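Next come two complexes, and both contain subunit A; in the first it sits with subunit B, in the second with subunit C.
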Partner chain A sequence: MNIRGLSLETIPPIFIPLRFFLSAPLFGILASVLMLYSGADIWVTRWNVINLALTHLLTIGFILMVMFGALYQFIPVMTGQLIPGSKKLAPSIHIMISLGVLTLTAGFLSHSRIFFILALFFLSIGLSLFAGSLLPLLIARLQNQLIVFLLRILYLVLMVTLGIGLYMLLAYSAPSLEIAFRNYTDFHALWGLAGWIVLIIMAISSQVIPMFYVTPEFSRNYLKMLSLAILITLISLSLYQGEYIKTLDVLLSLELFIFVVYTLRLIEQRKRKIADVTIYFFRLSLVSLLFSIIIWWLGKYLSQQTFYFLIASVLIYGLAVSAITGMLHKIPAFLIFLHLQKLSLSRPDALSLVPNMKQVISSQNSWIQFMLFLLSYAFILVSVFFPQLTVLSAFFMLLNFSWLAYCLFQAIRLYHKTRHEILACPRLKMSI
Partner chain B sequence: MAREIILDVSELEPPQPFEEALKQLRKLPAGAYLRMLHRKQPLPLIQLLHENGYVVSMSNDPSGRWEIIIWNKSDPVSAAYCDTQFGSHIIQTDVSSSH
Partner chain C sequence: MLSSSINAFMAAHHKECDDLFAQAEKSVADGNWDSALQQWREFTDELENHFCREEQILFPEFEQATGMSGGPTRMMRMEHEQIRALVNEINKAGDSKDMDQFLALTETLMITMQQHNMKEEQILYPMTDQSLTNVADIIERMLQI
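Let's turn to the complex of A and B:
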C-alpha cells in the first residue's frame, strides 16, 4: 500500500464539488430560455449568435462545470490527496467560470467587445487556475491507475480545445489583430466534441460503471490504447490535410464504435441487475455516440447545416448532457449521505437521522428526470428537420433542466435540515 | 485470540459497503475485529475510521480483491491480537481526530 504516511484526505468539504454541480442546471435553464426566445431561427445557420451562445452555455456552463466538480470530488478518492489549493481556489474558479460563460453569452448576443474582453479575462483566469492546480497531480508519480492515464489525455485534449477557444475569443475581443478565427472553429469543435466530450464519457464510464453497477473492470490496456489512439487521430486530423484524410475519419469512428460496443457489453455483464435509472442515462449516452457515428457517415446525404446541428445535438445533449444528468442524480446524493454519515459517527443518537441515498433523491424523481430528458432530446432532434417544433423542444429542455435543479436543491435543503438535527445531538468522543 | 467477523461487500453497490461496514463496527463486541472483503480500496471509509479511533490494515490478493481488517484502537484484546497478525499492512496516515 503506498498511501502509508500520506495525508489521507479523501473527502473534500461538501461545498467544493456541490457548488459546481448546483450551478450546472442553472446554465442549462438559461440555454433553454435562449432557445425558447430564439425559436426556429436557431437552425438557420451554425454561425447564428444564439447558437454559439447556447452551445457554450451547455459545454462550459453545464459540462465543464460538472467536470470540475467531479474532479474535485473524485481525484481525492482516487489518489488520497485533495487537488492542491482546492479549499481556497475552488470558489474563485467557480465564480470565474460562471462569470466567464455569462459574459461570453452576453458577448455573442450583443456583439459588444467589452463582454468578449470580460469573458476572455474571466475564462482565462478561471481555466488557468484550475489547469494550474491540477498539473502537479497529473505530472506526479501516482499509482499506475487507468483513471490517471485517462485524466492526463483528457487534460491535454481539454487544453487544446480551450486554447483554440480562448484564441478565437481574443479575435472577438480585439478585431484589430485580424485573426482569421473562423479557420479554427472546426478544430475547436473537433477537439471539443470528438475529443473532450468523448474522453469525459470514457473517463466517467471507467470509474462509475464498475463502481455503481458492479460490472467487471474495464481492461486497463484497452482503454489506455484507445484513448491514446483517439488523441493521435485528433492530432493527425488537425495537422494533415492530404488525400488520406478519409482514412483518419474512418479510424476515429472505428475507435469510437469499439468503445461503445465494449462498454455496452460490460453493462450487460453487471451483477446488480437492478433497474437503476442512471444506467438508462448511460445507455442513452452510448447509443448517442453510436448515432453520431452513423450521422458522420451519412453526412453527405444531409445538408451541411443539418449535419452540423444533428451531430452537435447528439454529441453535446445526447452523449454528454445525458450521462452527466444521470450522474447528477447519484453523486450529490452520495456526497450528502457520506457527509451526514461522517457527522453522525461521533453522535450515536443521530444515526437514525441520516437519510439513505434514495431519500436524498427518490427513484421516482430520477425516473421523471429520465422521461423529461428523453422527451426534450427527441424533440431537439426532430426540430432539426421540423424547425416549427423548436419552441416545444426548448420548452421540454427547460422542464428537464428545471427538474434537475429542483432535485438538487431539495437535496441540499434536506442536507442542511438533517445536518442541523445531527449537530443538536450530544457528541461522544472516540466512538463510532 | 480475538473473534473475527467477516463482511463480504465485494458485490454491493455504493454506498452499501460503507453502510454495512459502519453497521458492523457500531455493534462490534469487545475482543472482536472486522475482516472486510471488497473489490476496491474504500479510502473515504478509511479516513473516517482513522478519525474515529480505528486501526485499518489492508492488503490485496492477485485477483485484485482487497482484504481490509479493522479494529478498535482502545480494545486491548483485539488490538493485541491484530497488531501481531496484521501489523505489517497497517495503514498509517497523518489524519488524526480532526473534526
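Let's turn to the complex of A and C:
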C-alpha cells in the first residue's frame, strides 16, 4: 500500500452522490405510472413490453442508480481514493444512464428501433464510463478488505449482467443481425437477480449492519467464500445444462439460505436496540430473499408465468428496493448534515443552524415510508394471483415512490435554505 | 493482552465506545434518565480519552515519522471537532431530558462516528502501522492516558 496516494480529505461534493439518489424515486414513479396504465395486462406474459420496461426502470433507474451514487460516496471513505475523474464524469454518467433508461423504456413501449439504438448508445457510454473509472481502483493493490473483495465480485457479476443486456439490446437495435436474443434472457435474469441484486444486499449488509447497529462483525472468510461460491455456481449454471443442474440449484439455495439466517441472527444480537425504520427494511429484505428460495422450490406447483412474476417481484422489489429505500432515509440525511456542519465549523454562530438527521428526514416520515412500502409490496404479491388488484397495487407503489421523492426533495430544500443561512454568518479569521 | 498493531488496538477501543453509546441510548429510549445520564457520561469520557490518545500521542508520532502534518491527521482532528460539537448538543438535550432531541442527535452522532471510524480503521491506522516502528511503546503510552 502506497500511503502517499491515500487521503482522508476525499469527500466528494454533495451533489455527486445526491444526483443519483434523487433521480432514483423518479424512475420508481415512472414505473408505477406504467403499471397503473397497464393494469392487469402486466401479468399476462413476462414478454409483455410494459413488463420489460417496468423491470428496467426499477433495476437500472432505481437500483443501479443508487448503487452508483453510493459507490461515489463510499469508495473514498473505504479506500482513501476518489473514483478517478468523479467530479467531471459523474454528471455525464448520470445523464447517460437516465437518458439510457428512458429511451430503453420508450423502445420497449413503441418497439421503435430508433429508441433501442439510442438506448444502446446512452447505456453503453454511461456504463462503460463508470466501469472504466472504477476498474483501476479495483485492480490496484488495495488493503485486503472484505468490502473490496465483495466489490470485485459484484463488479464482475454486474459486468456479465450488463454485457448480456447490451448484447440483447443490440439485437433489438439491429434485427438484421438475427441474434437469437431470447436464449440469453434467462442468463441475464439469473446473473442480474440471483447475482447482482443478492451481492449488493450482501455488500451493504456487511458494512452497514455491524456499524449502524453495533452487532458482531460478519465473518470475513465466510462472506468471501460465500460470494465466491455464488459466482462459481452462477458460472456453472450458465455453462452446464446436464442432469446435475438440480444439484447446483440446491447449492445456490443453500448458500442464500445460510446468508439469510446468519444475517438475521447478527441483527438479533445487535446492541443498539432502539426502534429504527432502516432495520425493518433490512429484515424485510432478508425475509424476501428467504421467500424467493421458497418460491424457487415450489415453482413446479405454479404456472410458469406466476413463478416468474413472483420471483422477480420478490427479488427486485422485496429484496433490493426495500433495503435501498431504507438506506435512502439515512444516507442523504447524513450527507446533508455532514456537509452543512463542515461549512459551519468556521462560523461559530452558524453551528446551531445545522439540522440533525431527523430534522432533515423525520422519524415519522420514515415510518410512513415503511408502511407505504409494506402495503405496496403486499398488494404487488397478491395481484400476481388476483390481477384485478393490479391497479390498486400500482397506486400504492406510486404513493411509496412519491413519498420517497417528497422526503428527499424536501431534504434538499432544507439543505439549500440552511446553507444560505450559514453562509450569511460571519466567518472566523482562523479556520480549523 | 496488548494488541500487536495500532489498528487492532484502536479498532477495539472504537467497539468499546460503541457499546457504551448503545447502552446509554437504549436507557434514554426507555425513559430511564438516571442511568442514561450516568452511561452517557461513561461514553463521553471514553470518547474523549480516545481522541486524546490520538491527538496527543498517535497523531504527533505519525506526523513526525512521515512529515505529513497537514494531511490525514489534520482531517481527523477536524472530524473530532465535528463530533465534539455534536456531543455538546447531546449534553444539552440530556440536561433538559428532551428525549426526541437526544435520540435525533445520537442517531446523527452514530453515523458521523462510524464514518470517521471507518476512515481511521481502513486508511489512517494501517498507515500508522506501516510507518511507525515503535508500535508497542506507543500503545503503552496511549494506555496511560
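We adopt the following convention: the second predicted complex is superposed on the first by the 420 of 432 C-alpha atoms of A that agree within 3 Å, B and C clash if a C-alpha of one lies under 4 Å from a C-alpha of the other, contacts with A are read in each partner's own complex, and residues count from 1 in each chain.
As a working rule, a contact is a pair of C-beta atoms (placed from the backbone, for glycine too) under 8 Å apart; a residue touches a chain by one contact, two chains touch by 3 or more.
Model, not experiment: these values are computed from the prediction.
Judged by the touch definition given at the top, the superposed model places A:211 against both subunit B and subunit C. In the superposition on chain A, A:346 contacts subunit B only, with no contact to subunit C.
In the superposed model, A:80 lies in contact with both subunit B and subunit C. In the superposition on chain A, contact of A:338 is made with both subunit B and subunit C. Shared-chain residue A:145: touches subunit C; no touch with subunit B.
In the superposition on chain A, A:359 makes contact with subunit C only, not with subunit B. In the overlay built on the shared chain, the residue A:272 is in contact with subunit B and with subunit C. The intersection of subunit A residues touching subunit B with those touching subunit C, taken from the two complexes, comprises 1, 3, 6-9, 77, 80, 211-212, 214, 271-272, 334, 337-338, 341-342, 345, 351, 356-357, 432. Looking at the complex, you find that subunit B touches subunit A at residues 11-15, 18-19, 22, 25-26, 39-40, 43-44, 46-54, 58-59, 64, 74, 89, 91-95, 97, 99. By the touch criterion given at the top, residues 1, 3, 6-9, 77-80, 143, 145, 211-212, 214, 271-276, 330, 334, 337-338, 341-342, 345, 351, 356-359, 363, 432 of subunit A touch subunit C in their complex.
Subunit C contributes residues 18-19, 21-23, 25-26, 29, 66, 71-72, 75-78, 81-82, 85-86, 89, 100, 103-105, 107-108, 110-112, 114-115, 117-119, 122-124, 126-127, 130-131 to its touches with subunit A in the complex.
Across the complex, subunit B is touched by residues 1, 3-11, 76-77, 80, 211-214, 217, 271-272, 334, 337-338, 341-342, 345-346, 348, 351, 356-357, 430-432 of subunit A.
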